[in-house]
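Letters A, B, C, D and E mark the chains in the order given here, with residues in each chain numbered from 1 onward.
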Amino acid sequence: MIVDCAHYRDGRRQHEGRMDPAEAAAICRFEAGFVWLGMVEPSPEELSDVQEVFGLHELAVEDAQSFHLRPKVEQYEGGIYFVVLRTARYVDEREEVDFGEISLFIGPGFVITARQGAASDLHPARLRLESRPQLLEQGPASVLWAILDQVVDDYAPVVEGLERDIEEVERLVFSGSSAPTHRIYLLRREVTDFWRAVHPLLGAANAITQGGVLPRGDILRPYFRDVDDHLKLVNDEIVAQRDLLSTILQANMAVVSVEQNDVVRRISAWAAIITVPTFIASFYGMNFHNMPELQRSWGYPSVVALMVLSALALWAGFKRARWL
Amino acid sequence: MIVDCAHYRDGRRQHEGRMDPAEAAAICRFEAGFVWLGMVEPSPEELSDVQEVFGLHELAVEDAQSFHLRPKVEQYEGGIYFVVLRTARYVDEREEVDFGEISLFIGPGFVITARQGAASDLHPARLRLESRPQLLEQGPASVLWAILDQVVDDYAPVVEGLERDIEEVERLVFSGSSAPTHRIYLLRREVTDFWRAVHPLLGAANAITQGGVLPRGDILRPYFRDVDDHLKLVNDEIVAQRDLLSTILQANMAVVSVEQNDVVRRISAWAAIITVPTFIASFYGMNFHNMPELQRSWGYPSVVALMVLSALALWAGFKRARWL
Amino acid sequence: MIVDCAHYRDGRRQHEGRMDPAEAAAICRFEAGFVWLGMVEPSPEELSDVQEVFGLHELAVEDAQSFHLRPKVEQYEGGIYFVVLRTARYVDEREEVDFGEISLFIGPGFVITARQGAASDLHPARLRLESRPQLLEQGPASVLWAILDQVVDDYAPVVEGLERDIEEVERLVFSGSSAPTHRIYLLRREVTDFWRAVHPLLGAANAITQGGVLPRGDILRPYFRDVDDHLKLVNDEIVAQRDLLSTILQANMAVVSVEQNDVVRRISAWAAIITVPTFIASFYGMNFHNMPELQRSWGYPSVVALMVLSALALWAGFKRARWL
Amino acid sequence: MIVDCAHYRDGRRQHEGRMDPAEAAAICRFEAGFVWLGMVEPSPEELSDVQEVFGLHELAVEDAQSFHLRPKVEQYEGGIYFVVLRTARYVDEREEVDFGEISLFIGPGFVITARQGAASDLHPARLRLESRPQLLEQGPASVLWAILDQVVDDYAPVVEGLERDIEEVERLVFSGSSAPTHRIYLLRREVTDFWRAVHPLLGAANAITQGGVLPRGDILRPYFRDVDDHLKLVNDEIVAQRDLLSTILQANMAVVSVEQNDVVRRISAWAAIITVPTFIASFYGMNFHNMPELQRSWGYPSVVALMVLSALALWAGFKRARWL
Amino acid sequence: MIVDCAHYRDGRRQHEGRMDPAEAAAICRFEAGFVWLGMVEPSPEELSDVQEVFGLHELAVEDAQSFHLRPKVEQYEGGIYFVVLRTARYVDEREEVDFGEISLFIGPGFVITARQGAASDLHPARLRLESRPQLLEQGPASVLWAILDQVVDDYAPVVEGLERDIEEVERLVFSGSSAPTHRIYLLRREVTDFWRAVHPLLGAANAITQGGVLPRGDILRPYFRDVDDHLKLVNDEIVAQRDLLSTILQANMAVVSVEQNDVVRRISAWAAIITVPTFIASFYGMNFHNMPELQRSWGYPSVVALMVLSALALWAGFKRARWL
C-alpha cells in the first residue's frame, strides 16, 4: 500500500496529498528536488509498478519483498543505493522482541521506502525532517538519515525492556524463590536475535559514512555519525547483556547447588534428631529378662526425658553449626 | 559419468542432446560462446580424458576426485579457475546433514562441473539459467553464479531442519520429561560440520566478487552479491545455532540440578512423614512395666490418632513449604 | 553552572576570577592564546548560550547534555573537536562504581569543558597545568592532555577497589564459610560496566595521538602517549579481573560440590554409626521363645557392649577413611 | 648422521651413493643444479662442519640442534632460508601424538635437511621428487615442497587416530558405562599439542607462497598452494576436535548429573518400599494391652498380606512414575 | 645504586672499574663507541642526576621509577628509545611467580639500564656480550639484544615451574585423593599474571625488529628475530597452560561429580544391606499371639540365617552391579 508520495524542493514539500508513482517518476526525472514515495507491506504488483517507472534492479526489488534479511547497503548501477534496515519493538506481555524491515531505494531524485512486519512508523520521521529544511534540501540522503535515526532511536526501548527483564531474572535467581532457567534461556535467545538485527547494521552504517552514499554530504556527515554513535552504544549494551545472561545462567547453577547443599544439611539434621530417640526406643524394646531399668518406676519417665534431651541437644548443635 | 554437455552462444543453447568432450573442446577453442560439460561422480578415466582435451592442471583434477575438501577458489595459469563448493542436505529420519561436493573448472570458453556425494542436482540450475539469456550470454561466469545460487539456496532447508530439531530439544529440556544430552551433543556436532562446509565459502565468495573471476562482469556482479548476501545470512544463522546449543547444554545442566533438588526434597518430605509414626510405634514398643498408657483402653486408638495427625501435619507443612 | 573561565597566553593565566562567556568568545577570536571555560552540570540555557557565542555544532551540544555515552573523539568543521570521556569513582560502602562524564569542545583558541555525574574534579588538573607553562603554551591540546591524564589517573583507585573486593571474595570462596555467588555476580557486573567506560577510550586516545588533534604537537606527543600507556595498563587489569571473576564463579561451583560431597559423607557415616546399634536393638526385640541370650544374666550388658563396640569400630573406620 | 647427499641437475640425480659435504659444497658453488644433503639427528660436530662449508648462520644452526621449536620460515643474508617443520605421528597403544622436527637450510644451489625425534622419513619424499623431473629442475624450492607435502600428508593419520579416540570417548560417555573424564582430558591435551605444532605452520606456509622463497616459482606455486590447502583442512579439523572435546567434557557432566538423579530416585523408591512394611511391623510391635488384632487368628496373616500389598503398590507406583 | 658503568669501543671494554655518570656522559658525547651505565633500584636522586647529564625525557624517567608497567618500546626525540621489560622468576616454595622490571634508555652513544624488583641479574648478559666483540661493536642496540635475550631466556624456568605444578595438579585431580580447586585457581592466576608480563612484549619486540630501533642493524637483526622466536614460543606455552588450567577446573568438577555419584551408591548399598535384616527383626518383634514361628525351636536360628543370607545376597548383588 502506498501511504505517502511527495515532491520536495529547496527543503520544502511542494504540495499536500500524495501523487501517483508514475507522476512522481516524471517529476524526479525532469524537475529539481526529489520525490519520497512511502509504501507499507507493498503488494508484488505495486512493487513491480514502482520498479518499472523508477528503473530499479530486479534483485533489489526481490529483496524488498522477502523478509528476515540482514541489514545492508548495496550500490546498483545508475547511482541507486538499496538499503535494508531491521526494526525492533519490545512486546512487554510476551517478553519478546518483534522485528520488522524497512527497505530503501535511494536514487538521483527519489527515495522509495517499503516497510514490513513490526517496522517503525515512518510518519514521525517524515514530519521531523520536514521541519528541518536545511537538512531536507540536501536531497535523498537526508531521508536516509531521518529513517536511520528513527530506527536506531527505536532500539532504545528494546534495550530497556530487555534490561528490565534481566534485572527481574537477577532478583529471582538470587532471592532463591525459584530457578528460572527457562526464562534466562528465552531472554538469551531474544537478546541474540536482537543482536543479529543490530550488529550487521554497524558495518552498513560505516559504509554509508565512509562510502559514496552521501552526495555532497558535508552538512549531513555529522548527523550520520551521530546515528552511528547511538548504534555503537546500543550494540555495546546488547553485547554486555549477552555476557550478563551467560553469567546469570552459571550463577543460577551455583545458587541451585548451594541451595541443594542447604536442603541436604537441613534434612540430615532433622533425620538425626528423630533417629536418636528412635534408637533409644528400640533399645528399651529389647526383650532381655534382666534389664533392671524396665522394672523401676522412674525408668519410663527418665527415658522419655533422655529422648527429649538428646533431641534438644542435637537441635542446638545443628543450630550452632548453621545446619538448621 | 557425463550427464550433459552443451554449447551456449549469445545466451542460447545451440543444440539438444550432449556432445562429446573432444568435440566440445574443439568448439570452445574455435567458436564463440562457451561449452558447459556436466559430470556426476566422474571416473578417473573420464577426468583424465577431460583434463587432456581442456588442458586442466593435474592438481585441480586430483582435488576434483578427492572428497571432504574445503570450499575454495583457485586461479591456475591460462585464466582457468578451479572452484570447490560443499553442498548440504538435511536427512530428517536420521537427523543428520549429508554433504556433497561440486568442483568447477572455469576457463575461457568452457565450464566443467563435477558432482560428488549428496550434491545438489544441477539440472534445475541449468534450466533456470537457460531461461535467462541476458545472463547466460555473459559467458562461463554466469554458470558459476547459477550453481552457487542453487548451492546456497539448498542450504536453507538444512538450516530449517536444524532449527526444528533445536526447538524440539528446547521443548524436551524445559518440559523436564527427559534430559536429552546425547541429542544436544549430536545436533551440536551436525551444526559444527555444517558450519565448516559453509564458513570457508564466505571467503571464497568474496574472492569471486572482489577478484578477477568476473570477466566483464558488471551485469553479473549484483547477482553474485545477492548470493553472497544469502550466504552471510546462512552463516549468521549457523553461528547463532551453535551458540544456542551451547547455551541449551548449560541450561540442561541447570534444569537437571533443579529437578534433583526437587526430587531430594520430595523424598525427604515423604521420609519424614513415615519416620515420625515409626518413632511413635517404636516408642510404644518399649517394655517398661509401668507405662500407664499401655493399660488404658483409650491408649491404642489415641496413639493411632496421634500417628495419623502427625503425618497429616507434616504433609500439610511440606505442602505449604512447596516441598511436595 | 560555569565554574571557571580564564584566558591563557604564553603559558600564563592572564587574570584572576572568571570571565563572561561572551567576553571569552571575543578574546579567543581577536587575541592570542586561548580561553578555557569550565562548566559543571550545565543547564540547557547555558549550553545554548555557549553554543551560540562559540559556534558549536548542535549535535555535539546535544551529546554534551545527554548521559551514558561512550567515550569518543569527533571532528567538526572549523577545526573543532568534540571529546567525551567517562569518569569512574569507586564507592566503597556500596561496592559499586559510579560513573560521570566530561565533554570537551576544543577549537582554535578555546576549550570548553562540561562535567556531569560522578565526574572527576577538574580543578586539580587546571592547577597542575597552570604550574607547567611550557605545556600550557602549546594551546588547547594541553588542556585535553591535562584532563585526560586526570581522568585516567582517577581510574587507578577504581581498579584497586575492585581488586580488594575480588581478593575478599576469593578468601570467602576458599575458606568455605559461604558461597558468595551473588557478590561474585555483582562484582562481575561492575567490572563489565567499568570496562565499557574504559575500553572505547583506547580507540579515542589512539585517534588523538595518531590523528590531527595535536596542532603542532611535537612537545605534547609523549605526554599523550604516557596517558595512553596508563590507559592500556588499566584496560589490561580490567580484562584480567573479568577473566578472574569468571574463573572464581566456576571455582565456587567446584568448592560447593566438594563441600556437598563432604557433607554427604559425614552424614552417611553418622547414620551408619547409629543404624548398626539400632539393628542390634531390633534384633533383641524379636519375640522368639527360645532366644537363649535373653534369659542369661550376661545378655543385656554384653549386647550393650556390642553396640558401643560396633559404633566405635565404625567411627574409627570412617575416621581413617577421612569421612569424618 | 648424514644419510644421503646428492647432486641434482636438469631434474635428474647425477650419481648413485652419497657425496662428502665438502665435495657437495664445492659442487653447489661451481656447478649448475643443486645439492641435497640429508641428515638424521646430526651431532654438533657434523652440523658445525656443514655450517662451515656452506656458510650457514650460527643462529639457524643452533635452532636446528634444539628441539620443541615452533614451525617457522626465516630469511638469512645470502638468500639462505631456514625452515623448521614439526612432524607428528600417532601412537595407537599409548593414545599419544609423538612429535619430531625437520630443519631445512635452503640456499642458492643447496638444500640441507636435518630430522629429529619422531620425524617423518624423508626417503619417500626424495624418491617421489626424483620421479618428477619437471619439478625437480625448479631447484631447491622443489625439495621444500616435497618435504612440506610429506609432512602435511603425515598429519592425516594423526587426525584420524584422534578422531577414532574421540568417537570411542563419545560412545563411553553416552553409554553411561563410565565417565571417562581423565581420558577426555588427555585427548584434549594431545589435540592442543598437535594444534600447536600445526597452527603456526599456516603462517609459515603463507610466507612461502607469498614471500620470496620461490625463486622463479611459477610452476611450483600451485603445488605449494595445494599443500597449504591440505594444511588448512587439517587445521580446521583440529580446531573442530578441540571444540568437540570441550563440548564432550560438558556433556559428560550433564550425563553424570542425570545418572545421579536416576540413582537417587531408584534408591529412594526401594527405601520407600521397605520402609512402609517396617513401619507396619513396628506398629504391631507396640505393647498396648487391648490391640484386638493381635489376639485374632487372622491378624498375623492379614498383616503380612498388608505388608506385601503395600510394597507391591509402591513398587507399581514407582514403576509407573519411571523411578524404577 | 650504580653497579657498573663502562665505555665500549670497537667491541672492547675500554677500562676496568666503573666511571662516574658525568664522565660517561662526556665520553658518549665526544668519543666514539658507547657507554653502558647499569643501575639497580636507583634512588630518585641518582635518576635525576642521570636524567640531567644524558638529557633524558622526564616522562621516561618517571616510568623508570614506577613499577607494574607493561613492557613497551617508546621513541623520544633526539633518537632516544625507552624500553621497559618485565622479568619473571619462579619461586618454588611459594609456587608463585615474582616479577621485576628493567628499564632501558638507549640513545646515540649510551645505554642506561635500571633494574627493579625480582629482575634478572644483568651481569651475565654483560659478560656474554663482552665475549662477542663483533656484536658489541654494533653499538647500543647490541646491549638491548643481550638484555632482551637474557630476560626471555629467564622466562623458560618459569614456564617449566608452572608446567611442573600443572602436572602435579593433574595427578591430584585424577587420583581422586583430593580436589585441589584452590590450587588450580591460584595457578590460573599466576599464569595469567605471567601472560600479562610476556604478552605485550610481543608487540614491543616486533616494534624493535620492524621499527627504526636498529641503527645499521643488519648484523643484529637475526639475533633480535631469534629472541622474538623464543618469546613467541614462551607465549604459546603460556596460552596453552591457561587453556589447560581452565579445562582442569572443569574436569575437576566432573571428577567430583563422578565421585559423589560413587559415594551415594556405596552408601545406599550398605544402607540396603542393613535395612533388610532390620525389617526382619522388626517383623518378628510383632506381638501377634499366633505367630507359629516364634514358638518353634528352629525359628530363631533360621531367622538369623535368613538375615545373614539376605545381607549376603544384597552384598553380592551390589558387588556385581559395581555399586560396591
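Following the convention adopted for this analysis, contacts are C-beta pairs under 8 Å (C-beta built on N, C-alpha and C of every residue); 3 or more make two chains touch, one makes a residue touch a chain.
Because the structure is a prediction, the values reported are computed rather than measured.
Colleague: Please identify each chain that touches chain A as well as chain B.
Modeller: Where chain A and chain B might share a partner, there is none at all.
Colleague: To reach chain D from chain B by way of touching chains, what is the minimum number of steps?
Modeller: Step count on the best path from chain B to chain D: 1.
Colleague: Please identify each chain that touches chain B as well as chain E.
Modeller: Joint contacts, listed by label: D.
Colleague: How many angstrom between the C-alpha centroids of chain C and chain A?
Modeller: 26
Colleague: Measure off the straight-line distance from the CA centroid of chain B to the CA centroid of chain C, and report it in whole Å.
Modeller: The answer is 41 Å.
Colleague: Taking each residue of chain C in turn, which ones touch at least two of the other chains?
Modeller: Residues 250, 253, 257, 260, 264, 271, 278, 282, 285-287, 291 of chain C each touch two or more of the other chains.
Colleague: How are the chains arranged in terms of who touches whom: line, ring, star, complete or other?
Modeller: It is a ring, because the chains touch in a row that closes back on itself.
Colleague: From chain A, heading first to chain B, list each chain in turn around the ring.
Modeller: Order round the ring from chain A, first step to chain B: A, B, D, E, C.
Colleague: Per the contact definition, I'd like the list of chain B residues that touch chain D in the complex.
Modeller: Where chain B meets chain D, its residues are 57, 59-60, 63, 68-70, 72, 74, 76-77, 179, 181-182, 184-185, 188-189, 192-193, 196, 200, 246, 249-250, 252-253, 256-257, 259-260, 263-264, 267, 270-271, 274, 277-278, 281-282, 284-287, 291, 293-295, 297, 299-300, 303.
Colleague: Across the complex, what residues on chain E touch chain D?
Modeller: Counting only chain E, the residues touching chain D are 170, 174, 218, 222-223, 225-226, 229, 232-233, 236, 240, 243-244, 247-248, 250-251, 253-255, 257-258, 260-261, 264-265, 268, 271-272, 275-276, 278-279, 282-283, 285-291.
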